[in-house]
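After this come two complexes, each holding chain A, first together with chain B and then together with chain C.
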Partner chain A sequence: MSEVHLTINGLQVTAQSGQTILEAARAAGIDIPTLCHHPMLSNHGACRMCLVEVKGMRTLQTACTCPVAEGMEVQTETDEINECRKFSLELLFSERNHYCMFCQVSGDCELQALAYRYGLDHWRYPRPYEKMAVDASDPYIIMEPNRCILCTRCIRACAEIVANHTLGLRERGSATMVMADLDVPLGQSSCVECGVCLQVCPTGALIDARSAYGGHAEEVTHTQTTCMQCSVGCQLDVISRSTRILRIHGVWNTEPGGGLLCVDGRFRPLYETRERIAQPLVRDHGKLVPAGWTEALAIVAKKLKSGRVLGLASGATSNEALVAFAGLMAQVGGKAGQTMPALPTLGFGQPAAVQDILATDYIIVAGANPLVYQKVVGYLIRRAADRGTPVALIDVPRGGLEASAVLSVSGQYAATVTEQAAQAQAPLIIYSVGLKPGVARALKPLAHARWLALAPGRNSLGARAAGLAPLEGHDLTSSRFDVLFFLLGEGSEEGGVMPRLDGAFKIVQTAYRSPLAEEADVVLPAPIWAERSGHVTNLEGKTLPLNPVVPMPDGVRDEAEVLDTLRTMM
Partner chain B sequence: MPLDFTKPTPPSDDKRWKLVQATMRRWGNHHDALIETLHTVQESFGYLDNDALTYVAAALRVPLSRAYGVATFYHFFRLKPAGKHTCVVCTGTACYIKGADQILESIRQAYDVKPGETTADGQISVLTARCLGACGLAAAVVYDGEVAGKQDAASTLERLGKWVEQ
Partner chain C sequence: MRYYRSHVMVCTSPQCVDKGARTLMKRLQEELAAQGLADEVAVLETPHIGDCANGPEIMVYPDRVHYAGLTLEDLPSLVEEYFKKGRVVTRLLSQFRPPVDKELGPPKPKEVRVVLRNCGKIDPENIEDYIAEDGYQALAKVLTEMTPEQVIEEILASGLRGRGGAGFPTGRKWQFCRAAAGSPKYVVCNADEGDPGAFMNRRVLEGDPHSVIEGMIIAAYAIGASYGYIYCRAEYPIAVRTLREAIRQAREYGFLGQNILGTDFSFDLEVRMGAGAFVCGEETALMASIEGKRGHPRTRPPFPAVSGLWGKPTNINNVESYAVVPQIILKGSAWYASMGTATSKGTKTFALAGDVNNTGLIEVPFGITMREIIYDVGGGIKGGKGFKAVQTGGPMGGCLPAAYLDVPVDYESLTSAGSIMGSGGMVVMDEETCMVDIARFFMEFIQDESCGKCIPCRVGTRHLLEILERICAGLGKPDDIEELEHLSSLIRRSSLCGLGQGAPNPVVTTLRHFRSEYEAHIYDKRCPAKVCRALIRYEIDPAFCTGCTLCARNCPVNAISGERRQPHTINQELCTRCGICKQVCKFDAVTVS
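And then the complex of A and B:
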């Protein structure tokens, strides 16, 4: 890349060859309005908002697509340019329905903001009153085609960011419309509800079903925190007003996911249906009844001192809570571990980061199912495949990745994959709990490979670091325990190893009612993801921060604080 | 067999799928062959239905949305079986001025079909074309491949009426 010198509005600007005028201007702090352009997406050049004047060129140029050249003289705000921009806006407003006062995203709309900026107080052309059906078939995303300006940001996002290719355009000319698959309702399409289309749509054409009519963007708080729903640890921009969470966006250009989220991180936490536990519960005459913290902790402390204790952590909690839990268990001389299965080791190669998926020349997925359990990793693998990176699957269940794979084999044929990958400069092995020792051996000739181990569950690496190793079945059955202490966080007990519950005194520290909580003798309430401070450790082994978005309900206390209190009572 | 990587199977054992597969093979099953393949499907089956689009998309590893986008972008492709007869109304500038829209409106009122549709009884497909190059004959309508000039609503309905009577 070489340096290119140009002037923008008379200012000397140095840019890199290959950059567009828009990129060069933004890097120099000069604002050019855009609508179809999005910094995370390929350039499209459809909306004409970014028109600029380039000396010597016959017509105005679209800054988002026009590459810089040595000696260029660019003007971004002449009368002619502003007239053209206003006219483009007028045309956009003349088509479909842009009556902002009835729009769910009024105040949070790029089209509306530009109309204010260019003083578009009326439009001259009658709009054709064709009414298009609103598609509310998806639980999270409403498609309102009457407000679509056909910028194709959503289509590019679906193809280029999540690599799902659900969205496309149908027809042409004035009949052109955004649609899913074979023009089916979104809720019945191949959409994986990652919501990235929603995040990039500049208008009210894609609406977040939950926060519709949530009010103006200026009145909200943005909090960056880490998603706790799986071990990837994507960065969330949580948008809230006072104590209500409106919606969740991904944070562009952050590791690990780059700003992409999945349905488990973006939508499901806001649609939680489990009943929250907001004060300690103790069993009294066979029933769980509310109790004060002092009473509940006194009972727990007494029990912990009175017998053999087994502590089980689910990993759906912070590193701080896990460390405090391990400390408490050590202090009472109990056995403690996590309920998540053990993650095998490969025995060779160097660790990689999630973003390395996009920077490798051969991907092997072994004994893992990322499209189900670590979805953003799965999407990045598909994105790499779209760019031409060969993807080979070993012991990967059917369910999506095979459509991106060049090869899919069961473990006994792993050597075939090794052969194929041998030519690669920087092969990447992505594996999880399903990696068989035989497969690891068969891959061993790829000594120069890097690996990404997909930790099961949520914060199982944080639990590991706190000294809570995976418990095996025989750990639980080899001896009887008098007291069982579950650090469940906001998880559910399914999926992990579980001891027999009969006989022992059961303490459960959890955020939600669940079958396990119902069997407990004492239930201690815990915070959920949006209320936590502290850290988690993601599958790359990075420590990522948790920042509270909303306060804990009265009666809930942070687990680490409760566990430390218990330690002082021992 | 170490590879459990399977190729999609055609929607039916109709022999005509062999032709479609041959086209895809000729282009190395590359996704660039989408338009050629859809051509073959339409030549062989007369139109592209969802099963055909789904199969071709899977075989060429093209997203469904792209296959559908291409199939609806080009007026040449049809997604429904053609009627027994076709009536193509030219909507180029000259024909438009000479009342092509009135011809279409009269057909819509008489048969309840819009351009791109086929009557419920499968008799007549109505299509439009952007300029047949017969501007001197405006308004032009093509009845089953035969160009007729100086048409209006009445003459068009008369021609269509003969088809329906037969």
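And then the complex of A and C:
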């Protein structure tokens, strides 16, 4: 990298060699319009919005692709440039259906904004478009090809950010259109519904099925919080209008994921179908009936004082709640732990961050299935593989990553992987609960490796930090315990340890109706992710903030507050 | 090195070996020695001559005398008669003739064959034929006597310009690539030849593949490349096969591979088949296609010389550009630069098509006039009709009227006339051609072939085509000409690649040189060349009509009526203007207006 000096509109600008004119101009505060360009994606140069004049060059150049050079003289706003920009916009408006008044992104659309900027007040060219069929086969994403401007942002995002390569172009020339796989409906394609394409589309061509027509940019609120659906801890930009959450975007350039989200973080929480519990419930004549907080807490306090208590936490809650829970259990002399399985330790090497997946020269995935359980990590591994980083799998169930791997073996052949990775400068071992001791031993010669341990469940590291160890293998029977306190949060009880304590008195603190809640003697309502304040600990061990997007419903109280109240009652 | 006056090639194909070629070879050597010719005539093996069916066979160079069906008994007299006394033994001559080049007859008047010199003359599947024509001598020369810089100097001095279209100086391109940082470096040969009707490159690939391969090896040496690709369009299966065989043989002879000719220079090459899109001939799209991506152009800079295949420095040239390199090296840049004009040196091949008597492939020196090409080389306009226009440069080229017939053909003069040299398409049009229709035709091609990446080309050419279609259909509007000019100017200035930038050329040049024809279509609803169906009427001149009923019987829509032996008439409501009546009438009674 060396410094390069150029002038833009007569202004002296210093840039780094290798930068584009666009980057140099934006760094210097000079605005150049763009449409197909997206800072998270490779440069495309197709929309012609960023055309600039470079002295000595035969044709106008696209600022987003043209590298800066010493002594370059650039003009960004001549009459000719503006005429060309306007021309492309007018052509786009003639190509397909851009009647903004019917479009859900009207007001938030990058194409529309440029049309205002360049004074498009009438249709300059005839509009010959033929109507194309809308693809609503996917539950979350609707493709409306009649509004597509073929900027290929979605295609590049699917390939470069998620490494899923679902989207592509069919045909050529004026018949060109975005397609999924070999032109199948999106809902039947290889799409993993990460929604990154939706987030980068500059127009209304990719529609969020849930929030369409729900609110414009100036009517909505943005709240940044941490995703609680798995242990990765991606940063969310939650877009809401009063108490309704419209949609969720990733936050570009934030750790751990870089802005990428998966279906579990972006869509599923907004399509929740479980029934919410909005006030305490107590069992009365065999049936669960609504009760007041005072009544319910009094029953719970009485049982905790008198019983032999087992406390179980699922990890689907905040660090603050987990600490309060552990404290309460200690105070009542109960046994407490978490339902998640234990995460082995490797015994050598240095810990790594999620973003290091993109900065290593050999990746070993052992005893883990990130494409299913920590999807964003899985996508990043595939992205690294696309860039040529070798990926080796040990004891990884079939399910997608093998397509990116150079080698896939079962644990007994782990030494083969060690051999292959021996040449690497900075190998990265990504493992999870399936890592066998023999495999860890076989990998040991890679002493210089870094590792990323994929903590199971959601906030299992937060639970461990609170002193709630995994209870796998412990004797959790009714002969030892007669009161069970389950801090379930918004999780479901599937996955993890489930003791069958027949005849025990059961207290469940949870957000949703579930089979476990149905069995309970007292149910204490809990908040969900969008209502929480506090923190979680992600798989890198970082403490990340939870910020409330919407208020808790009346009748729901924060778990930590409830647990602290119980402590004062002991 | 010993100097032999003759080289005898003995075919050692499996078939000839079966028929005793090895014994024959041994006995021939003995016989030559016995008659005292061992120091004058060398006997070598060759994998293939062509007449194996009548083997064993031998080929004697430099005389190119081919004997076949030889027996051991023939040898003493053959050596005596032929090698000693120099009399060809007709009795033993092979009847085999390498497949004649049907596409390339003997040179026409004013033709100068440099690129095409070997086509139809040598057997493209036999490397020795090429070697016998000084093949790979240039490679030996650069590897032993010249530094890469000297090679580039020589090419620069020759004035060679790229034959793929833009005419960029080849030596300068090599210089940039040599200077670029990064390795490995690649050389690529653009053999995509997508211009409709063009086949100049195919002829060279099928007729003289080694000239291209040798040119590429020399280019690789000059820029420091280690690997190369020939990107050949899939519609050229014979060219692909011929090239693959030629590459195989070149490897066998040590011209490709590790340590070429014993030097420390190594280079190898493979053929890639094109994806069938015209735009894949554009260099950045071509490279994307080689990389296995969709064949879309990308913006330049960075140019391929700096960042090409897989982001590495890459030199890309056209087939014809590479094919002349060996001759420039061997005969010297001064020889090459002696042909042509001040700025355009050497010769150029053209695919001469349209309304001339001799259509086909030609090669002429730069500086020749269009008139010479059309009337001397091309033998004039078919049917003695008048000349109207010549279209050069393919679909992104332009149409020039009679006023340009005496302009010397070179890069600059074609450009200043509003057209381009392009890769060598040349379509001659007689007076019965409608220039609006021609512009429409080319725009249809462009709309079909636009890759769709950038907006001005994808959408803008669609509007151009719609206006042209409307004018041809008799629905032109007064401001259409202005609109065509407006669209053309903006498409040219704002498109991404050469296709979009050149797409308006057929419209712009016809508007510039044949504006009145547009005006006739638009204002008078008249097609002066009587081509546009919507603007013409077929009528039967009662003075000539004999009432033979032939036209009425042939009209596919029964638009003609009339009594036998009475003048017939055409119902204009029903007539579809197919023109069959005019074709069948024996009395020239059908007129067009």
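One rule holds in what follows: the second predicted complex is superposed on the first by the 564 of 570 C-alpha atoms of A that agree within 3 Å, B and C clash if a C-alpha of one lies under 4 Å from a C-alpha of the other, contacts with A are read in each partner's own complex, and residues count from 1 in each chain.
The rule we apply is simple: contacts are C-beta pairs under 8 Å (C-beta built on N, C-alpha and C of every residue); 3 or more make two chains touch, one makes a residue touch a chain.
All figures in this text were calculated on a predicted structure; none of them were measured in a lab.
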Partner chain(s) touched by A:106 [first = chain B, second = chain C, both, neither]: neither
Touched partner set for A:65, first chain B, second chain C, both or neither: second
Partner chain(s) touched by A:543 [first = chain B, second = chain C, both, neither]: neither
Partner chain(s) touched by A:83 [first = chain B, second = chain C, both, neither]: second
Partner chain(s) touched by A:190 [first = chain B, second = chain C, both, neither]: first
Partner chain in contact with A:91 - chain B first, chain C second, else both or neither: second
Winner by number of chain A residues touched, once chain B and chain C are compared: C
First, second, both or neither for A:223, with chain B first and chain C second: neither
Partner chain in contact with A:172 - chain B first, chain C second, else both or neither: both
Doubly contacted chain A residues - partners chain C and chain B: 168-169, 171-172
Of chain B, residues touching chain A in the complex: 2-5, 50, 53-54, 61, 63-69, 72-73
Chain C residues within the chain A interface of the complex: 277, 279, 294, 298-299, 301-302, 447-456, 458-460, 462-463, 466, 490, 493-496, 501
Of chain A, residues touching chain C in the complex: 45-48, 51, 59-62, 65-67, 80, 83-84, 87-88, 91-92, 94-95, 125-126, 128, 149-150, 168-169, 171-176
Residue numbers on chain A that touch chain B, as the complex places them: 155, 159, 165-172, 179-183, 190, 402-403, 405-410, 413, 416
